[in-house]
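In the two complexes that follow, chain A is the common piece, with chain B as its partner first and chain C second.
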Partner chain A sequence: MTRHIIRRLLQAIPTLIGVTLLSYMIMSFAPGGPLSFLGIANPQETSAETVAALEVKFGLSDPWYIQYGRWLVGTDILFQLPQDETAVEEAAPTTNASSARTSNSIQGCSVLATQRQGILRGDFGCSFKWRRPVIDLIAERLPATMELGVATLFVALFLGVPIGLLAAISRGSIFDNFTRIFAVVGNAVPAFWMGLMLLLIFAFTLDILPSGGRCERMRVRLEDGSSGGCADVVPIYNRLEYLILPVFVLSLGGIAGYSRYMRTSMLDTINSDYVRTARAKGLSARSVWLNHAARNALIPLATFLGPALVGVIGGAAITETIFSWPGLGRLIVEAVTNRDYPVIMASVIISALLTVVAYIISDILYALFDPRIRF
Partner chain B sequence: MKRFTHLFMVGVLLTLVLALVGPAAAQDAANTGGVVIEGNIGGDPSTFNPLLGSDTVSSDVYSKMYPDLIAINPETLRSEPMQLGGLAESWEYDETGTVLTVHLRQDLVWSDGTPITADDYIWAADAVRSGLTSSPRTSAFTSLADGTPESGFVDSYEKIDDYTIQFVLGQPVRDDEGNITEILPNCVALDSISDVSVVPSHLYEAAFGMDYAAMDEDPFFVPTATFGAFTDPFFEAGVQVSMLGAPEYSDAVLGYVNPSEYVQLSVPDTTVEYERFLAGELTFIGISADRQNDFRTLAEEEGYQVFESPQNGYTYVGWNLADPSNPQPGVDENGNPIDQGIHPLFGDVRVRQAMAYAIDTTSMIGTRPDGDNPATGILEGNGYQAVTHNSGEGVTFVDPGLEPYAFDPEKALELLAEAGWSDQDGDGQLECNDCLYAQQVDPDYNGTPMTFSLATNAGNEVRERVGQTIREQLSQIGITVEFEAIDFGALVDLLLSQTHDAIIIGWSLGLPFDPDGRWAFSAESDVPGSGFAYTSYANPELDALWEEATTIPGCDPEARVELYQQAMQILYEDQPYLWLVINNVMAAAQPNVEGWDPLPAANLWNLDAWRVIED
Partner chain C sequence: MASNATIAKLEMDELDQHVKSRSHWQRAMHQLSHDYLTILALGVVILLTVLAIFAPQISNYVTGYRFDQENLSQTFSPPSYEHPLGTDEQGRDHLTRLIWGGQVSLGIAFFASILSLTIGVSFGLVTGYYGGIVDDVMMWFITTLNSIPGLFLLLIISSVLGPSPVNLILVLGFLGWTGTMRLVRGETFTLREREFIVAARAMGASDFRIMASHILPNIISIVIITLAIDIGVLILVESGLSFLGFGIPAFIPSWGNMLTNAQAYFQRAPHLVIMPGVLITVTVLCLYVIGDGLRDAFDPTVND
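Our next item is the complex of A and B:
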């Protein structure tokens, strides 16, 4: 097993490089760029010369493969960006800013930085749009995304699997038919429509659930003197009501999918010889269903679990937008809209990595559930 | 008499008491006006530094912490002295019209008590002009510190004393090598000065020294002292930016800042934003065109405060006048015109005028609901006809007598026939029959059907419907329009590449209002790949008017208005754009907001005077 995992990880390296190369190329050829909107938004104030000069400083005037190389290995070894040596030499050393600045602790970064390390050395770069280290942008959105994603996966699995199981047991019953209709509706209803309807009913009309966000809006003074928001001081178990609607919308498709898959898998299993044998031995129906059939029916589901983890981290942009949820999905969509190459590439890397890891997890789960499988 | 003396003494006494207690009372009242919450659909800010920022979300934050050298009068929307939040007390030009001396108010201090002086502007201008930062505000200057040419008007600035700054500014004249040989007077150059904000130099210098590039390493730097109605921004990614009311801000409308906190709450979906406003979670909001009719009724029932005004901008169709297969800059490096070729259709002014007659903008604007009659048109009555550039309610730069082209398909067909476009074979489709392109470029073009592509940005429902309407209306007179809605980035690329036929897009015109339209209608701004004069329209007569209107001695306002009216008349006749509509802007506030007093294009001018009354 260990050798298998190591082999899969080694195989992932060329895959990841290929994915990033392709992504960078496609992104570069896509219309628009990080500075496309600067002039069009302020045509009277921003001249074409200014935009062109900024493109040089940002390194955007270089061919895409140079930009890709810079992103990959950094600017200190190859593909250096232009800089005004004289001006830098003549500049006075920076004084310590601490006495002049407020307690605002946001770490920014320079979009003009000439000393990038490159992704191979763990430097995800600086966001063109938000002027902050990409890794910081992702790190601050990750908790919200994990909250939503894990809760969604939990609900989808713990409702979807039993529903599928029961539907299989009571095949042809009203319950079975109901779950079939539910599955169709659950997959067919668009998330944005469902989200808006739920908000209108439960938040704006009945006023029993919050209208969005991850927590109540507030500004509090933290122990270190800086300011903080609700999520900094209110534990998740005291703000579960904020999860109800987005988790419901996101898990609906999962419940529908898992239940149908579980039902099909269960029906396949109960026609197996060993289940027939178990019945012939006179075991109770409950024992046959739960101990023999259900356990084996779960094995194919393991293939779903790995990729589902990608969904947990990748976020759900539409649902996050409707519910003003400060997650990764919204960040990625905004980055794509603004052609923020470093953030887009970071999301590509993370998704690709997660996919690789997810399939390794699937393999492991498969081996755990099915003793016949050996790598 | 005795009684009068008694009353007089009491009056004097009361006045004295009020004079002594007044400021203290105002101080006590500061920051007791509740929390003002605005929905923000534009994402997170990118910086709190006014010298680096350019996006609206960031500027909504830093503009509340820093003064301008010359501020805009919210009523006239022009740069004027002695404005709240502005340093300029007065200014005068010398006899050449290029040397401007600005005298600063001497009563202003940063929140730490340090006087605001000329040094604060000079440091900021030096930082931007160094060219070492990512600031797009270098556009304010004629050149950077290292001599690199820029497109602005501020050539130099000098501190005369703590409260006086002298500028040399105007239109630069350059030699063949790009060196400036002369500065000509320019009446709109004044507005460039405030493209650079004023920052507390003592704190910026303490933080960055003279290493201006270091500002880029710390774009969220907020100094310990500011000068604005709100301060100490707290940023929570994807959630909010919260700013506290500045208790010591002396330039507030009332002399003190009412709200305790101002919040930009991240609400990325416009429908949810609207519903959250109706639920009382947001203090004020801009109502989109498709909801304005419903909201008017709702506002009457629920007591919401509503303010409406025409948008400071317009939606239009930009025609490509030049050969789209061979885009060329308007002028060469010596400023000589470059042949643009002609577009097969829109290279002929008669065709462009015919389009103005063939497209019914009135029906696009439509009407508001009236009793049992439902709303009509794309804007359901919530818009105005745009006549030409700069046209808008109250804008005097357009002759008030100038009427929009009337919808007249017969007149359009007449003009098209005159331009060599007619239906010779009776198939209902117009073809070129000795049209201008066949005459001047390619005789084989005769017989080609009149077809062109029209693009706009997907997701903008109004523009998409305008495009569909244009396609339908032109098909009625035998013109085929291939309309498509594409990604905004792709549209901008198409527009800048100058390979398009026609594009539906809009301009938001900035403040202070600048009637000079050279950025959109001059050969100099016609630069494939980056310029905004992407229609390749050029007219020497118009160029002369732009020039005269910005260099007229003394910048006499009345004389300038007359020249601009002539310029707009030329644009109206030449139709490089088909001006379509000016949207109706509707702002609304909760019934419990006191002091809400919006002005056109300046809805938040007195934000610091608002008071949100708790139930």
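Our next item is the complex of A and C:
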């Protein structure tokens, strides 16, 4: 078992390297080249000498794999930069307005900083738009997305699994057919439209649920007198009304998926020999289904958890935007809109990291639950 | 309890079928012709496709408006005789825009899924057939691609390329093939060891010939099923992207970007929010039903 876990962890390494490479490629896609990526200058408006000086300064004239290495591990370990502090100051007057704003950094976070810690040490650089370390922005947004994700997974499992079990037990019944139709329709409705319709009905027409946000209507006063950040203060059971609509929209696909999956899995189990034996021994149908069959039918569900979390994180981009949920998904939509590349790259890497971890956990759970699995 | 006569009749039927010996395709078509739900869904999709293809003619001769024809004195008007589905925030005819939107949404999903299927099937065949290092590298690439939430990649790349229908087709096509590839790879994996492939190889058939004329025909039914479901999925993805403003540029109507400003319509014209979503849902639902029906018809081993 330990060997399996170690092997799974090792297998994750090439995947994560691939993700960082892919994310690094995004930078080279940035219109205007790497300099505009750095938020320094529009190369067309800057003199050739300045561009050349800046390229040396930031090491942009080095081969891409050295630049990639710097981005990964920082500028102080393997790939040191030429120590020339004058180039940027000389370039500053000729650069455009965005760079002037850039150099006035807040909280010691500057896009122009040449010394980097590298992303492996959590230095994802500085957000162009917010002028703050990217890692702080993400740390701020992640809890909201996790809250949404966990709630969604919870609802999807606790509704989807029983529905699937019941549908399998009463195969061919009205309930079975109804859930089948529900599952197909649930997968066909665009999530964003479902969200809009729910908002139209419950927030605008009936006005019984908030139209978005995480707890904005609550007007929380913090100890230092400022408002906001209410989600950290107000416990989740007081904010449930804010969760209802987004969680419903996000979990719809999960409910549909789990119930179908559970139904198939349960039908497989019901038709297996040991269930027939238990019935033949004279145990009641109910006891056999719940104590023998359902328990085993649940096992394959563990493999579903990883992909489910990915679905929630990815799907949250749209749902969070509709419901103004201050999470990672909305952050990346805003970052893409603003072409805030450091934020984009960091969000991609961190969401991929979460995904990989979720897959590993669901693999391990599967092995734990099912003693037949030997590695 | 079946009587002996019924059993005898069943056996006769079986014999009868044996004599006629329908081909795989004939059997599938026979099964399909009795699947009324699939036929109904097919009918709806064909109707929508015809409307989409003839959108220019319809907007010229039937509705009488262009999709970008503004009328600022008649914004947010409710459904009426002149505008059967009302007008939007710039006084444009909602029905006309829905029909044009269908052209964009269906067209993009169709061409993008053709592209992604082509890539997925080719890569799936090659990696499944050769296995080894080719397979390892490909699987690494796919695992990497799949560990990033798909919507994030779509958002980023379509924003870098800029919104346009052609770019969207390319982005959706080049990012959406991994599922098909896994499926085809798995099938090829099992087919590769079968006797008829070994026989073909023994007769000196080239790798390309084996893949193209021996393996491909055996997976073509899976490909067709995937195509139907893929188009449905891509309609959903395209509408989501366009809704966020990263897919189709705002001046071209698509079912997704017609909802971009929906939250602003809540007060004045809720009807504008309903129709695009209903059309997306109905289209995707029909495509899923068609996919299911095709699976039942082509794959007799699968029974729910």
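One rule holds in what follows: the second predicted complex is superposed on the first by the 279 of 375 C-alpha atoms of A that agree within 3 Å, B and C clash if a C-alpha of one lies under 4 Å from a C-alpha of the other, contacts with A are read in each partner's own complex, and residues count from 1 in each chain.
In this text, contacts are C-beta pairs under 8 Å (C-beta built on N, C-alpha and C of every residue); 3 or more make two chains touch, one makes a residue touch a chain.
What you see is a predicted model; the values in this text were computed from it and never measured.
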Which superposed partner A:352 touches (first chain B, second chain C, both, neither): second
Which of chain B and chain C A:185 touches, first, second, both or neither: second
Which superposed partner A:18 touches (first chain B, second chain C, both, neither): second
Partner chain(s) touched by A:213 [first = chain B, second = chain C, both, neither]: first
Partner, of chain C and chain B, that touches more residues belonging to chain A: B
Partner chain in contact with A:332 - chain B first, chain C second, else both or neither: second
Common interface positions of chain A, toward chain B and toward chain C: 30-31, 196, 199-200, 204, 321-322, 339
Sites on chain C touched by chain A in the complex: 140-141, 143-153, 155-157, 159-160, 232, 236, 239-240, 243-246, 256, 259, 262-263, 266-267, 270, 273-274, 276-277, 280-281, 284-285, 288-289, 292, 304
In the complex with chain C, residue positions of chain A that touch it: 14-15, 18-19, 22, 26, 29-31, 184-185, 187-194, 196-197, 199-200, 204, 264, 267, 310, 313-315, 317-318, 321-322, 332-333, 336-337, 339, 344, 347-348, 351-352, 355-356, 359
Interface residues, chain A side, partner chain B - complex: 30-33, 36-54, 57-58, 84, 87-88, 91-95, 97, 99-102, 104, 106-113, 129-132, 137, 140-141, 144, 196, 199-200, 203-204, 207, 211-214, 217, 219, 227-229, 231, 321-322, 324-327, 330-331, 334, 338-339
Of chain B, residues touching chain A in the complex: 37, 43-48, 52, 54-56, 130-134, 136, 138-139, 146, 148-152, 195, 203-214, 216-224, 232-240, 242, 261, 263, 265-269, 271-272, 275-276, 278-279, 281, 487-496, 507-510, 514, 519-520, 525, 527, 529-532
